[in-house]
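In order of appearance the chains are A, B, C and D, and numbering begins at 1 in each one.
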Amino acid sequence: MVRRKKSLPRPVGDEAATVADLRRAVQAFVDERDWRQFHTPKNLAMSLAIEAAELMEHFQWLDVAESVARGRDPSCRDQIAEEIADVCCYLLSLVNALELDLSQAVRAKLVKNACKYPADEFRGKSGQEE
Amino acid sequence: MVRRKKSLPRPVGDEAATVADLRRAVQAFVDERDWRQFHTPKNLAMSLAIEAAELMEHFQWLDVAESVARGRDPSCRDQIAEEIADVCCYLLSLVNALELDLSQAVRAKLVKNACKYPADEFRGKSGQEE
Amino acid sequence: MVRRKKSLPRPVGDEAATVADLRRAVQAFVDERDWRQFHTPKNLAMSLAIEAAELMEHFQWLDVAESVARGRDPSCRDQIAEEIADVCCYLLSLVNALELDLSQAVRAKLVKNACKYPADEFRGKSGQEE
Amino acid sequence: MVRRKKSLPRPVGDEAATVADLRRAVQAFVDERDWRQFHTPKNLAMSLAIEAAELMEHFQWLDVAESVARGRDPSCRDQIAEEIADVCCYLLSLVNALELDLSQAVRAKLVKNACKYPADEFRGKSGQEE
């Protein structure tokens, strides 16, 4: 009988993968390298910011509209997806390290933001209008 | 018969929530405000970096070890969870805008990183040793 | 006889102020608070990134062209100038902590970049063209 | 008679170089490449954040104390100085684009911060104590 190695993420997409599935895949990667010792909140927040900056780099000199075209360009999408994955891995490492529930945190923030930005008042407005 | 409003995230945690569930919750919030027009890759990458910086702020002057204690402090956890949720909302908005599959991107990156950082070679090493 | 307090920067603008003048003003502020202990390279690099993000926030949802108008808006310029000053203070604190010469570092980088981006080849090109 | 080319920064260090000297050196570099068109506040703030993140990368996994040692390591100082120069070049490009006086902005911010953080109250305290 072959047992699936725990560290392998299940080959599923966003419709089937739970957040916990992804969290476990990232945690397994970290534990196989004994990297939990480096995964302090300070280091992980820093790493998240570093990866977010690498993602920004893809759109650094583009106009906002050009960045939409860049996001559709097949020759760029893979690299962009990789940077996004890097951000996500550190985000999941951080919730792993802090033992937070990400889905509940997101849900709670959406409820809070719905109060802060009532749909009727902010429809079509970024909040940065003159 | 009461129908659940589509825009409400299901009240579930990371074990049950799929990535697609969270993506839909964030997309509904954005669409209710007609904010898709602002959600270009350039703006969202910038927003992600801004929120990552706000998260860093919680650990700005702390030693790495102190940041662990801060992460456990009940009076700080809620605020930290909120910043993490902000990062996550922009990350999900970005994969929504780019129509990428986040789970597959993460899985692909873990496979790539497993080649780049073989477990036996990098065990216990951050890669920043002298 | 009144002696000028060393910690006060001279009331001069960019034409007269040397980089060393600004460095000393920032160092005096730090020393009056005994903050040198927090001014490690890791913390200062983090602080620089945090302030850069706060600066970005002023242009977060604007189109690139709108950001030019925002930069000219008298009601916004003071706030923007403050964020820029924050970035500069941490930058100067970092060169103070590392005992580097900022002017020489800038000059050396311009020489290096002039080789990397020959004027004739890169004229009018951001390097992010398709 | 040989005239010094205006675009060359004077070979002086922080004690002699004025902020305006550095601003002109950076502006000349930009103008020789006709890059003023890309130097909008939004793009420059983004670039500043990107370079700040590259600077952070040098200290990403280090303890705060280790980052001090790294800053003294001769084999690392040149690279760190380069990242600092990159941050400085974008900072100066931004004040050039916005036509702000950096020295005055820094001086004004130090005065404001001196009120916000009275020396007697904040001596030896980062403001992030428990």
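Assume a contact is a pair of C-beta atoms (placed from the backbone, for glycine too) under 8 Å apart; a residue touches a chain by one contact, two chains touch by 3 or more.
Predicted, not measured: the structure shown is a model, and the values here were computed from it.
Participant: Looking only at C-beta pairs in contact, point me to the busier pair out of B-D and B-C.
Facilitator: Result of the comparison of B-D and B-C: B-C.
Participant: Can you check how far apart subunit C and subunit D are, centre to centre, with Cα atoms defining each centre and the answer in Å?
Facilitator: 4
Participant: Centre to centre, by mean C-alpha position, how many angstrom separate subunit B and subunit C?
Facilitator: 30
Participant: Where in subunit C do residues touch two or more other chains at once?
Facilitator: 38, 43, 46, 49, 52-53, 56, 59-64, 126
Participant: Chain contact graph: line, ring, star, complete or other?
Facilitator: Contact pattern: complete, every chain touching every other.
Participant: What does subunit D use to touch subunit C in their complex?
Facilitator: So the residues of subunit D touching subunit C come out as 9, 11-23, 25-26, 29, 32-35, 37-38, 40-43, 45-46, 48-49, 52-53, 55-56, 58-59, 62-65, 67-68, 70-71, 77, 80-82, 84-89, 91-92, 94-95, 97-98, 100-110, 112-114, 117, 119, 122-124, 126.
Participant: In the complex of these two chains, what residues of subunit D are touching subunit A?
Facilitator: My answer: residues 38, 43, 46-47, 49-50, 52-54, 56-57, 59-61.
Participant: Would you pull the subunit B residues touching subunit D in the complex into a rising list?
Facilitator: Those in contact with subunit D are residues 46, 49, 53, 60-64, 73, 126-128, 130.
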